[in-house]
Structures are given as structure tokens and as C-alpha cells.
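When the chains are written out, they are named A, B, C, D and E in that same order, and each has its own residue count from 1.
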Amino acid sequence: MTDATSQGGARPSGPSTRLTAADSRTKKRNASEKRFRAYGLAAIGTGLFFLVVLLTSIISNGSTAFMQTFIEVPVYLDPEALDPNGNRDPADISKVSTFGYNPLIQNAVFEQVQDKGIATDYEDAGDMKALISASAAAQLRDRVIANPDLIGETVDFQILASSRVDGYLKGRVGRDSITQDRNIDAGHLDIVDALREDGTVHKSFNFAFITGADASESRPEQAGLGVSMLGSFFMMLVVLFLALPIGVAASIYLEEFAPQNKFTDFIEVNISNLAAVPSIVFGILGLAAFIQFAHLPQSAPLVGGLTLTLMTLPTIVISTRASLKAVPPSIRDAALGVGASKMQSVFHHVLPLAMPGILTGTIIGLAQALGETAPLLLIGMVGYIATNYPEGVISGFMSPNSAMPAQIYEWAKRADPAYYERAWGGIIILLVFLLVMNVIAIVLRRKFERRW
Amino acid sequence: MPVLWLFLIVLALAAIGFIAGRMRVTSAGGKRPHSLPNYYGWNVAMKVMVPAYLALVVWLLAQPFLVNSQVVGMLGDRAVPEGSTIGLVMSDVRRVADGLDATVAQGLMTSEEANSIRTEFTDVRDRLGEAGVALGSNVSSEVLSAAQTYRTLNATGNFWMSTVVILLAVGGLAWGITQSHGSFRARNSVETGVRIILLSAAMLAILTTIGIVLSLVGNTWHFFQIYPASKFFGSFTWSPSFGGGSELGIWPLLWGTLYISIIALIVAVPIGLFAAVYLSEYAGPRMRAWAKPLLEVLAGIPTIVYGLFALLTVGPLLLSVFGRDGLGWMQAGTAVMTAGLVMGIMLIPFVSSLSDDIINSVPQSLRDGSYGLGATQSETIKQVILPAALPGIVGAVLLAASRAIGETMIVVFGAGAAARLSLNPFDAMTTVTAKIVSQLTGDADFASPEALVAFALGMTLFIITLGLNVFALYIVRKYREQYE
Amino acid sequence: ARDNVQVAGSSTVLPYASIVAEAFGENFDFPTPVVESGGSSAGLKRFCEGVGENTIDIANASRAIRAGEVETCAANGVTDIIEVRIGYDGIVFASQQTGPEFTAFEPSDLYNALAEQVLVDGELVANPHTTWADFNGDLPDVEIAAFIPGTKHGTREVFEEKVLLQGCEDTGAMEAMVAGGMSEDDAEDACMAVRTDGKSVDIDGDYTETLARIDSNPNGIGVFGLAFYENNTDKLKVATMSGVQPTTETIAEGEYPVSRPLFFYVKKAHIGVIPGLKEYAEFFVANEIAGPNGPLANYGLVSDPELADTQSKVSNEETMGSNM
Amino acid sequence: MYDAPLRKTDVEANEIKISAKDVQVFYGDNHAIKDVSVELQDKTVTAFIGPSGCGKSTFLRCLNRMNDTIDVCRVEGLIALDGEDIYDKRVDPVQLRAKVGMVFQKPNPFPKSIYDNVAYGPRIHGLAKNKAELDDIVEKALRRGAIWNEVKDRLHAPGTGLSGGQQQRLCIARAVATEPEVLLMDEPCSALDPIATAQVEELIDELRTNYSVVIVTHSMQQAARVSQKTAFFHLGNLVEYGETSQIFTNPVDSRTESYITGRIG
Amino acid sequence: MYDAPLRKTDVEANEIKISAKDVQVFYGDNHAIKDVSVELQDKTVTAFIGPSGCGKSTFLRCLNRMNDTIDVCRVEGLIALDGEDIYDKRVDPVQLRAKVGMVFQKPNPFPKSIYDNVAYGPRIHGLAKNKAELDDIVEKALRRGAIWNEVKDRLHAPGTGLSGGQQQRLCIARAVATEPEVLLMDEPCSALDPIATAQVEELIDELRTNYSVVIVTHSMQQAARVSQKTAFFHLGNLVEYGETSQIFTNPVDSRTESYITGRIG
């Protein structure tokens, strides 16, 4: 074939080779090119395929969480039960506990059943309990305490149906499966069917799932993600405003200023090692450092944010350093040559060019922080916590709260299958939250991208 | 003066200083100043803020201690009821003091009243209750007077704090402004400041490391006192049990960690790299704009979802191929393979996105050089671009590997909880991290080796990964010296 | 200053604690207590960290506090602890609703299926059984696949002691071991050793994971808490143990053998300091909450027949170690 | 297979290697090459001259489709190599560039060793059967690039650690190592000292016996010395194209004349 | 011998601007500059000539401590600017580089607009009080860089989209915009056509009235045309340094002579 040593350097195929007709070697190379390209496409395809599979299973499992079954009934607010002293004194009214409100609601539903002439074997209003969410009494009580004048009147009241009823309408609970169920009977389902006919029982969009607070095990129908979303929000604020600047600053120091010595090597190794520390160990650290040592409040998003900051830092540092490294030295030279200081050359030229990588690191780091549960376990943000809206910004950072992934994790563990659907629904919200969070970074990243 | 106010005042002074410092050099005329006017501004602002805020922080940290010890001294032992501690009494004191503050703030009590009320004449619990401050019990007279002292001390402290901070700020302002003349090297001064900031940011990594070591070392020590290190490092069995007599050998867990991480990387690195290469070299801008963020969603899906995905989808799928009905290699859906595959999927964006950015910043002239020689695009990528981007790609892969080592949920759901040494990737195994979590959140006596082993595991893993990182640094260095 | 009650600990107790906390928040002027999960051990550890606002007030536990833990507590100044038993957690064996007929077990069946060593024809051998019918013709002839709590769970201890050990004695394996020269203690340990060939799978996660395993394996048998089972009766069917159906009643009466008590521990020093602490503890054990008709029992807690004692203990703030 | 090379020096007889017809190049809205038609002969050195920014590099890059890599760049018109339209859809730019090699204006060594820089092309084109053959090819190329003596002791040092002129010669060596039929050289001697320049010019002369060479240069002397044909570009137009001797002694166009006579370098 | 017009030359009276004494430069083990001592005069153009790879760029980069950025590079000996040791610890390299500007061998525009490329230096040095003044400075610099006409309509287009020669002139404009006292130019005309070269040479001549200029060039003619002093480097040694006219007409060292006479450029 080739005689590479011959004078003048003969080519295997003279000038006559046509450009459009490839020789065998070119064919091979082109085939390998095609293969390579196909691998790339296949890799992206695989990634996207998994994404689609995951998203479909998330959406198909979770979309039902956004609909909820309600019962709409007029409730008579019996003064005898709610204000035994008859003086409308708020202090007295608030002495009546939720247990006092339950019969009123059960009566209301039972009357509705009788008014509509629905045939049923139940004779006692108390039997209606299975249809009604335990949250209804608390809701009604709040409303009465806020407006004691309502007592004695009949108010139209939209109450949550119990999770079993909701499950029945969503097809999760079937007539044969309830034969084993202690909480609800076939007779109840007959009533539900009848009430649904006339619209007393209906499904509608459940804003409370997005905005509401967590509920106890026995009230899945009431549980919402709103409060823990705020928890995540405040944590992410902490992470973003600490991890990003600190991470970028540390990277700049290490990549651009640090002298090459044992000490900076030590810092460098430490940072990459921190990336491999299991997140739960950061929880141990957070508990020791922030709660036990610094006496910050327990279960507070501030502490969670600080802990996650420490966890996210290595990710940001590693990606930032990688992209700083990729900026060609001639750019630095150019800046130094016109008399810019090192600091100026870094901040004016190198950093903007490294921005895409920094933003990528931020996106990935924040995504990781947003989805992390394990460290929160140890600083008290997992469990039954997200029950109250924080009042104001300071309490947003300081008062006990959970976070979205912790809430979802908690729901996924709960026994009532109604929580299973909510866990998936929660994941949908989490992903939307993540996307919203990332859009800014992605848009910025596209702005900064350039080739030179 | 509330801290926020103080903070804002200093900030305002800094702003004034900035403008003044700037103005002084710009209006001076004559020779061109050493640095840009803004640097003089920043120099003054820095001199206003740094000492003042430092003092503020130190004061805020120290004052509670001092006030506390004063009040504690005043209370004496007498005031501490049986079974309580001075610490708890103090938190009662603080709560009452805060309560009085809140009541005064809401206008339910005058401040003289707050300082003079006595338990004998007023039901303090009730009065505070009106302001929405709940107390656990009735307030004793000692506590109330201690709370009143506490308030006065704090008020004095706050007064002096404000004075000192403002004085410092003003002093800094004066100092900074006198410095603001053309020959002063303001830029160098500011840059030194910035450099110190950068260095301290890097030092945070060391602080974190020290923190981790400190929070692990005590309990690890404890563990090795009740469980011999020789067995921990020497035994090949991991079988904790509540009744005692557990065997806690780390090897099966280390092996599981290694095995699962390797499989995860075998999945993630090629897919991620190929995806990155395609995105940065082949894909059109539209595709890139969409595919990259979409792949990044994979990194944002909570790991519990991956865990469930492993358990419910991937496990059964693998079982149908490699299980009894297929090749017969697999006992159950949960296995190293299941967890590794799913973890690999999660790690794809770690490799792809970062590498994409790095590859994208390889100068175009190198590509041109290669195309000009008649190289195909893939040859260019394989032989010119990837080597040039290698340091960054190594970083991305290390990051992914780190994530793989640290991951829990996927292992718990996907790999099974069996600790065993086996070569079969279709066997169930578990990892160090998963066991740290399970032993830490388990039911065992927290002073028993079964619970404390979590710390020893954490410590060991920490040291091992440290060693690996030192090794990686060494390799990267060696490689880097060859080129560039 | 902290003004909410801070609770941490067992994830088994968490559901009940959350129901109580929710009702407490609705009906009292105190803020809703914060109930963290994280496991009995972690909860007690934080409980014993010391007294003061930055430590928790109550630890939930699915087992009694151990002597060593009490010592650590004392060393850290946590001396006065009120132990509150809230009821019992039933532990049940369940399988897929539509799966094979696993309806009745004896401890010996589970022993034969899951132990490391079993007695076959009078000989102690490594467990050779692959199907349930291998040793008990009444059981379905399907492959053994059991999902039992991992070694982190207290339930595992109960399972080992009340089922495996019992089965070991019932089958005579225990006797054979002792006869074979083992000490009593070693024999007990051997009885409780679970086979490691993959027929028995440890679950380190929670019952949802066990349920998912059973869902994907029709022959699977799983160990669940009673409350969990009762919420998932549409998917699971429960087996009797020694002929007794597990219900809150049979467990309360002591007929169903496999159960464990649940507790919470109150730091007495915090009573009077943390607003609502005592009220919460009292509310938890009040009849309308923890009684046989209260929401906790409704949810699956086996209510404690001696609830009245507990109530008086709480209201008198009786600590452990003082005369009870 | 391959017949022994014909050594012809007389220009007239040479066939046309590359022909361009009505070529237009746009960078976005910027019309950088306007209506250029030219026929470049085989076994000939053609020089492109013209003031900076007139489009010499741009046009050169059209000849082996290097412009494909610039997003904003759009090429119209017909360019044919051996009669084949190189912008034809079926044409593989890779094969084209293997035939039409290029030395860039800014030296761009790969961040690899000097050896690997040169061996890169022969490796991808499979020009060597074994290591020894490859070593040979590398040495020969470096010799032809007039840099062998300077780098023979540091073949495995990075190519980016060379001086500017050394890098430029390395890039020349790299380009000739793949034995292209046409070699496009964009100011190959801009960073070279006179001696190195002479060596490169010798190389160009040697290459001419088998291949065609197109060289962009700012040095009239160099154009006059090495080329047989010269093309003068101005503001994107090909103003004049012809025998080098004629262009330098007797330009037709006034712009050419003023460019040449205004010469200094 | 050499006969291009020598522009004269009032060398005598100028003081010494930069003095180097026993300078050694190492790249790792590679001893690139050996024992160089030289005194560069104020208001004078000094040319560095010598074969490729002899250490001209390296020595040039020592004069404003650009070598600090190369990890493996180590400088020994004394270099003083206006009598002050520039490698003294107390010396701020930034201030030094503001005084001693540099044009690099490979054009390296920032990936920013043309305007921003030039305005960057004046901005960080605070040379303009307002936008109008800055515009003025930019325009003046671009004019001095002989590129104003080509870019005045695209000041906000990226500097990286210019032709090679245009980039080089942009870099010259960028360097003069900051008004350095000493300007180091590493082959500033290598990619320039004769006309642009003449314009740059004019600029250099103009600069000389106030500043010192050091220029590395491979063109003997250029060295002869623009410089008053010439230094000839060979294999890392400063072989000869003296009046340009003397070096070119009457070199002392035989190596100088053979380099000059072997000229082709």
C-alpha cells in the first residue's frame, strides 16, 4: 500500500480519487464517525428516555393528588353546642374543642342524606363520620372563632371528604377491597354515589394541596405541601446566597491565586473529599455545629440551609474550578499586558468566560440540595413539622419547618395509601419548583456561552 | 438600638465613605491618582464596614454570655428548683424578659411598669399571655427580678454596643478618607481585602473538614473502646444484632460501595460523556438549549424516586431477564446491578453538563487545526478535544464518583440490605453509606456498638476517600505536567 | 426562646404522635408541637444530650429506654425522666391479597422457613427448605420469600424473640442444640440466626418498602405493623399466629403473641419551662385520645389496658426510678 | 496503483487543480468575498496578496471548507477540485481536507507533545504501518518544517511550550506530514526569521514538484520568490490574477500597481 | 550590504530607561536566557532580532514580568526600570505593566466588542472621565493602530471576528490606549501588509518622541527602519547590542554578521 518513505511522498491513491467516492479507509473512518455520532445521540436518547420514563411514572402516579373530593352541605351552628353560656364571648367559644363540632357536621351530612331521600340503613348521624375528613371540625371551629356571630345560623360549608371516599372517586378504593376495611362500608359508598348524582359530593382542583400544611397520618385528604415549600424556599435562599459566592470565591482563590504548596494542596484535596462525604454525615455535622454548638433553633430552615450549603459547596467548587481551568491563558495574558491586576483580569475576563460552568455547577448543586433528605433527618426537619405557616421572613428562617423532599419522604412512608398519591404529587411540585429555580440559571448560562 | 438599625447605619456610613473617598481623589486634581476612584471608595467603605461589623458580631456573640453569667451570679443556687438546672431557669428568665419586651412593644405595658412589677401584685403569666407569650408555669419572684435585671443589662449592653460600633465606623470613615489621596495604593488595599475574603472562602473547606472529623471522632473512639478495631477491619462478616454478639466487619460494606459505584460510573461516564460530546460538538443550538437542561432534571429528581424506580421498575425488569425465568443469575430484583444502573442514570447529568461546558470552552483554533489535517469530527473529539478538556472532565467524573459513594436512598431500595462479599453483580449487597444511615436511625441502644458503628463507618469512609483524593490529585498533577 | 414542644424519635410512634400533635394544636392555644422522626435511638440520643432549650423535650421510642442510655442521660444532666407507655404495636404477617393461601402460621413454621439451622429428622442441618410445603403440608407449595425487618428495626428483635425463638423451642431444635453441647445462650443466638441464602430478605426501609416487595412478588410474606396492615387491607391479607387473628382487641388481651410496647419519654426539667409540654403529655394519654375508642386506636394502636395508671403518672410527673 | 511522479516545472502545461467560480462569502451581513473566480493550477505555487482584511484568509478557508466551522459564515458560488464541486452534498469535507491541507495564520499546536502533534495526521490517515515508520514520517516532516534540529531532543515536550516561530514551523510540519495534494498556507513565515523563512520557501519549492501550494503572504519579495502565479485581492474582490512575474513587473490594474509600488517590506 | 534608508537618530543624549544585568531565564530545566545584560534607553526604539527560538519573546516578557504567569518559568538577575528593581518584592507588577505595555506575538483580543477591547485599559486606569472622553481615547488608539477605518462601522462587533492582521492591529491599539511609558511589541507587524506595516512603523516613530519602544522583529529592514538600537540574540545569549546602523553595517560578532548577511526577508 503506502510507501511513505518514497521521495516526494506518494499518496496511496493518486489525485484521481474522487471526492464523492470514498476509498475503503475513508469509508471505515466515516462509518466510525457515524457510529460515534450515533453513540452520542444514543446517549442523549438514553438519558431522555429515562427522563421520560421517570416523568411519566411520576405524573401518572401523582397527578390525581391535585384533585380532591369535597362535600358541600349547609351546617347549622347550634348555639347550644357552641356557646353554652350564650354570651358570645370568644374566650368561652374557644373552649369548645373540635370534638364539639364533629356532631354538627355529621348531623348536617345526615340531614342532607335524608333530605335527598337517599335510602340508607344508617340511623345515626354518627355513622356519617366515615364520609367526613377529621379536618372539617377544625376548619369549622376556626371559622366560628373568627366570626362568632355565625353561631345560630346555617352556613354553607364545603368540607373535605374522607380519604376513603376520595379514593373511591379516584378508583383507588373499590367495593371489594373495602370488605376488609374497618373505616368505611359499602353503605357509605352507596351514599357517596347518590350524593354525587346531585353534586353534593364533587371533585375539584385542590389548591390546598399546593398551599396547605402537612396533616397527621389520619388525614391525608388535608395534607398539603405549601408550608414545606416555604421551608425549601428559605433553605434554598440560604444555600444560593452562601454556597454560590463562597464556592466561586474559594475556586477563584485555588485556581488563580493560590501558590502551589502543601497547604493549598491540602485545601484542594479537602474540597474534593467533601464531595464524597455522605450527606447524612453533613447532618451529623449540622447537628453538632449549628444546633448544639451555635445554639441555633432546631428544625429551622436556617440550619437546614447552612447544612446544605456545606454539602453543596464542593459541587460548585469542583465545577467552577474545572471551568476556570478551561479559560485559555492568552486571555489572562492579554489583560495583564494592558496593566490589569490579577484580580481585575480574573473578575473582568476569566470569570465571565467560566460562567457557564459555574452556573451548571450551581444548577446541579442546588438540585441536589433541593432533593436531599438525609441530612435533614438529623437536624430535625423530617417528621410531622410543617404544620404552621411562618409569620414573616425572620420566622421563615427560624421557626420549625420541613422541606419538600423530607415531606415527600415522610408521606411515602405513611401507611394510608392516600399518602402514596400525595407523595408523587409532591414530587411533581418539587420538580416544577426545581425548574422554576433553574430557568434563570439556564437563561443566564446561554447568554454567557461563547466559543473563541 | 435594634441590630438591624445598627447594621443599616454602618452600611449608610460605608456608602457615605464610598462617595467621600471617591470624591476626594477625583476632585483633588493634579497628578492622576494611583488607582481608579472607585477603589478609593471601596477602600473607605471597607474600612468602615470591616471593623464595625466585626465588632458587632463579636459583641453579639459575647454579650449574651456576659449578661448570662451576671444574671446567673445574681440568681445563685437558691433559685434553682430541685431537678432543674440553672440553664433552664435562665431560659425561663430569658422568656420572661422577651415576654416583657413583647408586651411593652405591643403597648400593653409601659416600660417603667415592666421594670417595676412584682409577682406579689401582678399575675405576670396572665399579663404576658395577653401579649401572646406563653409561659410553662407561673413566674417566681426570683425569675421576674432576674428577668428585669437581664433587661437592664441588655439595654446597657446594647447602648454600648451601638456606641462602639458607630465609633468604629466613624473612625474607619475618617481613617479611610484621610488615606484617600492620589498616592495611596487604594487598589492594592482593596485587592488585599478581596484576597483575604477569597482565602477565607477556601478555608471554609478546612473548617468543614475539621467539623466533620470532630463530630465523628468522639463516637468513633467510643466505638473502638467497646468493639475491637481488629474485628472491625479484620472481619468479613457484617451481622449486627440487638442481643449483642454482632459481627461488624467493614469489608462487605466497602466492597458493596465499590461495586455499586463502579457499575454506576460504568453507566454514567460513557453515557454522560457521549451526551456531552454530542451536545457540544454535533447538536444544533436548539437541541442543545433543550436537551441539556432536560438532562439536568435527572439530577434534580429526588433520590427516593430513583429508589422506587429501582425497586418497582428496573429490579423486576432485570429479574425477568437474569432471574429464574431467564438466565438464573439473579435471586431477587434488588441487586448491585439494579442500584448501580439506576444510580448511573442519576449521575448522567453530573458528567454530561459539566463536561459539555468544558468541551465547549476548548478554543476553536484547536478544532480548526485538526479539521485542517483531514480529521473527522470524531477523531478531532477523541484525540484533540477530549485530551484538552481532560482536567475538567476528570473533575466531573470525580464529582460523579463522589456522589455515587455518598448516595443512600437508591441503595436502600435498589440493592437490598444484605451485606455480603460476592462477585456476582446480581446479588444483593449494601454500602457503607446506607449502613451509616440505617444504624444511625435504627432502634439499637445509642450507646451500643450497633449504633456507634455508624460513626466509625463514616470516619473510615472519610479517610478512604481522602486517600483516594490524594491519589487522584497526584495522578492529575502528573498528567498535567506532561502537557501545557 | 423556644415556645413549641419539640419531640423526636421513633418512626413507629410518629403516626400516633402526629395525630395527637395535630389535635393538640387545634384545641389548645399552644403552638402545634414539632414531631421529628429519625428512629428511637437517634431520638433518645438527642434526648440525653442534656437539658436546655436546644435539646428536645420528648423522645418517642418503640422500645423501653436501656440502662446504658439512662446512664448517659444522667451523665449529661438528664436525670428526671418520665416514662409514658402509650400502648402496643401489633406485629403481623401478611401476604398479597390474591396470593397463595397464607392464612395461618405457627412460630414453628416461620422458624422452619427462615432459620439458619433447622431440625430435619432429628438432625440439625443448614436450612434445606425451599418451599413452605417442604415442612408443613398445610402451607402452600410455593417458594419461600420472606421480607423481614432489617437489623436496624426494633421489630426485628421482637420477631426474633417472639417468633423464631419460640419456633426453635417448639420444633425441639433448641433442645437438640443444647444437647449438642451448646450453651443456653449460644443456642438462643443460633435459634435467632436467619438464613442468608436470599430466601429471607432484610428490609432496612419501612413498611411501604415491604409492601412494594410483596406487591411485586406474589409468594412473598412480609412483616408489618398492625396499623399499617389495617390501612392496607385491600392489598394485604393477614395470617393468624397460633390460631389468633391479630386485632387491637386480641393484642390488648394478650392473646396474640407478637407485639411490643410503645413509649415516649418526657424531660421533667422542661416541664414548666417549655409551654404546653405537660399539657401535651396529658393530652396524649387522655381517654378520648389514647383510649380504646380514640383516634389512636382507630388508627391501629393497641390501647394500653393500664392507661389510667399512665395518666396518673403523667399528671403526678412521676419519674423513672421513683416508686411507681 | 501509483505511477512514478512526473517532475514538471513549466507552468503552462499544468492542469487546473482548483477552480472557483463566482464565489461569494458572507459573515452574517458582512460581504467578505465578492464574486471571485479563479483557476489554480496543479504543481504550482500560487500566492495570494493584498492588504490586511481583504479576504485572503477567508477565500483560502473556502478552498477546503474550513469555513464550515464558522456559524455565521455562508459561501455561495462554485468551487471545484479536480473538477468536482467541493460543496456538493455528497462530498465528505473530511476527505477533502485530507487532500487539501492547511497551515493557519495563528499557529495552533495541539496541547500534546511535539511528536504527537506531527504524528496525529499520519495516524488518522493510516499512513504508517508501525511505530518505526511513524517515527520516520515524523522526523521527515519536522525536517521539512525546518524545526527538526531545535526539537529533536524534546520530541515529547508539549508543543505549546515552543516559541512563536517554532510553533509556526511545527504547524507546517504537521500539515506536510499528511502529504496533501494541495497545501494552503496562511502566512506561514510571518513569525520566522530569515533563515527559517528560506528553509520553508525551499520546502514550498520542493512540494511544488508534486503538489499545488497556495500561500498567503504580505511579503512581496516572498511572493515573487516562491510563486509562479499571484492573485491580488482588494476589499473582497480578486483584482488581478496572473503570472507572478507579470503581476510584479507589469500589473494591469491600477490598484495592484499602487499596492505593489507602495511596497516597503 | 544593507542599503535601506536609515532614519536618524539622536541616540546619544537619552537616559537609561531599563537596565538588565546578568539575567537568566529557565523554563524548568531549559535555560532559555543566559546571562543577558543590556541597557535600554529612553525615547528610543530598540529592536530585538535573532533566529526563531533564541529567546527574544522570553526576554521581552521579563521586562514587564509577564513571565510571572508561567508556572515553570524562573527569572534570575536584576532588571531595573528607571533604576528600580522590578523584581523587588515591594513592586506591584500591575503598576509595572501599566507603565510597560505589551503587544503579544499571537494576537489575543478579548472575546468582547472591538470598542471594549480598546476601552478596557483606559477604563481600569481611569484615563477617561466620561463616555465622550473614552470614545475619544478609543478612536485615537484605533487610528494609531491603523485600523480605525476598517472597524469604525463595527465597533460593537466582537474583536475575535477580525482578520489576523486586523486582530494584530487591534492589539496594538489596545496597548497604546493606556499610554505606557515603555511599549514592548513582539513582532507587531508579522501579519500586516506593507501599508499597514508602514502605518505601524510611523506610530512607533511617533511614540519614540515620548516613550521607549522595544520591538521584536524578523525583518532586518524593519529593524533598520524603525530602531535606533539593535540587540541580536542567539541561542539565549545576547550576542551583540549597539547602534542599529553599526550592527547592520559593521557587526562585531561573526554570528551577527552571518545572521545579517544570510538575510532574505
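Just so we're on the same page, a contact is a pair of C-beta atoms (placed from the backbone, for glycine too) under 8 Å apart; a residue touches a chain by one contact, two chains touch by 3 or more.
Predicted, not measured: the structure shown is a model, and the values here were computed from it.
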Requested in this report: Taking CA centroids for every chain, report which one is farthest away from chain D.
Outcome: C
Query raised in the report: Going by C-alpha centres, which chain is most central here?
Result: B
Report task. Write out the two chains that share the greatest number of C-beta pairs in contact. Result -> A-B
Report summary line: Per the C-alpha centroid definition, the whole-Å distance linking chain A and chain C comes out as 31
Report summary line: Distance between the CA centroids of chain B and chain C (whole Å) is 35
Query raised in the report: Using CA atom averages as chain centres, what separation in Å is found between chain A and chain B?
Result: 19
Query - Centre-to-centre distance between chain E and chain C (centres being mean Cα positions), rounded to whole Å - result: 83
Report summary line: Note: chain B residues in touch with at least two other chains are 187, 308, 363-364, 376-377, 379, 440-441
**Report entry** Residues within chain A bordering two or more other chains
**Finding:** 29-30, 33, 287, 341, 353, 377-378, 412, 452
Requested in this report: Scan chain D for residues touching two or more other chains and write them down.
Outcome: 94-96, 98-99, 106, 124-125, 161
Requested in this report: Check the chains against each other and report every pair that touches.
Outcome: A-B, A-C, A-D, A-E, B-C, B-D, B-E, D-E
**Report entry** Partner chain E, residues of chain B touching it in the complex
**Finding:** 32-37, 185, 187-188
**Report entry** Touch list for chain E against partner chain A, complex
**Finding:** 64, 66, 69, 71, 93-95, 97-99, 101-104, 106, 108-111, 120-121, 124-125, 160, 171, 174-175, 177-178, 180
Query - Footprint of chain B on chain C - complex, ascending - result: 1-3, 10-11, 29-30, 38-42, 44-45, 48, 51-53, 62-63, 66, 68-69, 71-72, 77, 79-80, 145, 150-157, 160, 188-189, 192, 196, 198, 201-205, 209, 212-213, 215-217, 268-278
Query - Complex contact set, residues of chain A against chain E - result: 260, 329-342, 344, 348-349, 353, 450, 452
Report task. Can you check the complex and tell me which residues of chain A touch chain C? Result -> 94, 97-99, 134, 138, 141, 173-174, 177-178, 180-183, 215-219, 287, 291-292, 295, 297-299, 377-378, 380-385, 387-388, 400, 410, 412-417, 420
